[in-house]
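Two complexes come next, and they have one chain in common, subunit A, joined by subunit B in the first and subunit C in the second.
Then we have the complex of A and B:
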């Protein structure tokens, strides 16, 4: 595949980097990434991956754009309120880069459909806002041997890690199981500073890009935490857990499972 | 440039930085190690920066000749990966 003059100009800042270059940009154009959740994390991740020329980007979310989303979900605009989030996201991504294919998937991701959704993608980004979804995505990616980026944000804090099959622990190795309902508030109840999604979602996009071009070190085996008030990043080593229920030596989770979720969290 | 047999040629006199060097990188990418690329480039910023960038990527500059018409011809030997 030869680059058009338009592509050379669009991706010039990438091609100039020795770590990306012509080969890396071609890898990006041939890659596919699925973003689950078109919210605070998914918005910046989707924008940067579209801008980077990731050839196929799937985006899955069942919700519509709400006015209260716009404080942080920068892929949606005020006229998008009421529109399906995946449609709004697709329009913005295609406006940034008409050269990428965006597959909008307006669905609530659950145990019944996740394996089909992630099949065919090279990398998955967890941009969801609740524990059941995060464990579901972890388990499905482990079972399907798909690399993925986990992240979570609340108030002034954020965290992320990267799972690559066979190269380190999964999210469940570290966190075992979802906390009891109500033990931890969702960002809907607790609030979240808008730029937190920008920081952490952009880091997720960065992990996806590095995975695709095959350069640098990923967050495999580490949890990166960010405290905006203290302005502190910490990189914590995550050991593999041999008794992990999904990726351990004797797994008991052999198919994706849905955890109970309170009614108010589902909206 | 009769003293070199180029394997490919790229003219970057119609583009500006950074597409100048980007076009050279793309042209070098498809060559094999040791093959020669000739580049026609304009005086001024391109002739100051493009040869330096080519060298920084490890390629060998064999010649930079003034064409006498405000352009230069650069001969580059592609380095290995």
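Then we have the complex of A and C:
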């Protein structure tokens, strides 16, 4: 594939980097990333991946843009209120970079459709807001041997990790099973500072880019935590867990499962 | 004894259990916290029996659910 003059100029700051160069930019243009959730985390991730020229970006979400989303979900604008989030996200991404293909998937991701959804993608970004979805994405990615970025945010805190098949622990190794509904506060109940999605969602995009270009060290085997009030990042080692129900030596989860799904309450 | 809890070195009484440390540190949602000691997970339900030793490194991992929608 030869670069057009427009592409050489658009991606010039990438091409200047020895870690990216023409070769890395070509990898990005040929890569595909699926973002599940077009919200606080998915919005910045989608913007940066589109801007970076990731050739095919899927975005899955069943919701519409709500006024209360706009405090943090920077891919949507005030005139988008009421519009399907995936449509609003697609329009913004294509406006930033008409050279990428955005596949909008207006669907609620569950055990019945997740394997089909992730099948064609090189890397998955979990930008969902609830534990059943986070466990579903983890299990599906482990079962399908897909790398993915997990993240969560609440109040002034955020955290993320990266799973690469065969190279380290999964989300379930550390967290075993979803907590009962309402046992752990959600952003709707507890709030979240808007820029937290920007910090953590951008880090998820960074992990996707590094995975695609094959440079640097991923967060595999580590949980990166961020406390904005203390302005402190910590990289905590995540041990592998040989008895993990999905990625352990004798897995008991052999297909994706739906946990009790509360109405997606984070508007 | 000296323990490193979430990256901070502090002095604690000998014989401290993981359960007691969770109480002392006022861990949020203590029923749902994941604990690692020296980079190995402590099985849920065994926090009462897990006695900490001088020099142990303890991390608390929290459920963090928000992100989208």
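As a convention for this text, the second predicted complex is superposed on the first by the 262 of 267 C-alpha atoms of A that agree within 3 Å, B and C clash if a C-alpha of one lies under 4 Å from a C-alpha of the other, contacts with A are read in each partner's own complex, and residues count from 1 in each chain.
Methods note: contacts are C-beta pairs under 8 Å (C-beta built on N, C-alpha and C of every residue); 3 or more make two chains touch, one makes a residue touch a chain.
Since the model is a prediction, treat every value here as computed from it, not as a measurement.
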Which of subunit B and subunit C A:12 touches, first, second, both or neither: first
Who touches more of subunit A, subunit B or subunit C? C
Name the contact category of A:192: first (subunit B only), second (subunit C only), both, or neither. second
Looking at A:37, would you say it contacts subunit B, subunit C, both, or neither? Reply first, second, both or neither. second
Just subunit B (first), just subunit C (second), both, or neither: which does A:242 touch? neither
Given the touch rule stated above, what does A:61 touch, subunit B (first), subunit C (second), both, or neither? second
Once chain A of both complexes is superposed, is A:230 in touch with subunit B (first), subunit C (second), both, or neither? neither
Taking the superposition on A as described, I'd like to know which of subunit B and subunit C A:129 touches: first, second, both or neither. second
Residue overlap on subunit A between the subunit B contact set and the subunit C contact set? none
Spell out the part of subunit A that touches subunit C in their complex, as residue ranges. 37-42, 61, 63, 69, 126-131, 134, 151-154, 157-159, 173-176, 179, 183-184, 186-187, 190, 192, 197, 200, 223, 234, 236-239, 241, 264, 266-267
Inside the complex, what are the residues of subunit C that reach subunit A? 6-7, 29, 31-32, 34, 36, 39-41, 44, 59, 61-69
Looking at the complex, which residues from subunit A come into contact with subunit B? 3, 8-9, 12-13, 15-16, 18, 21-23
The residues of subunit B that touch subunit A in their complex are 18-19, 21-23, 25-26, 29, 57
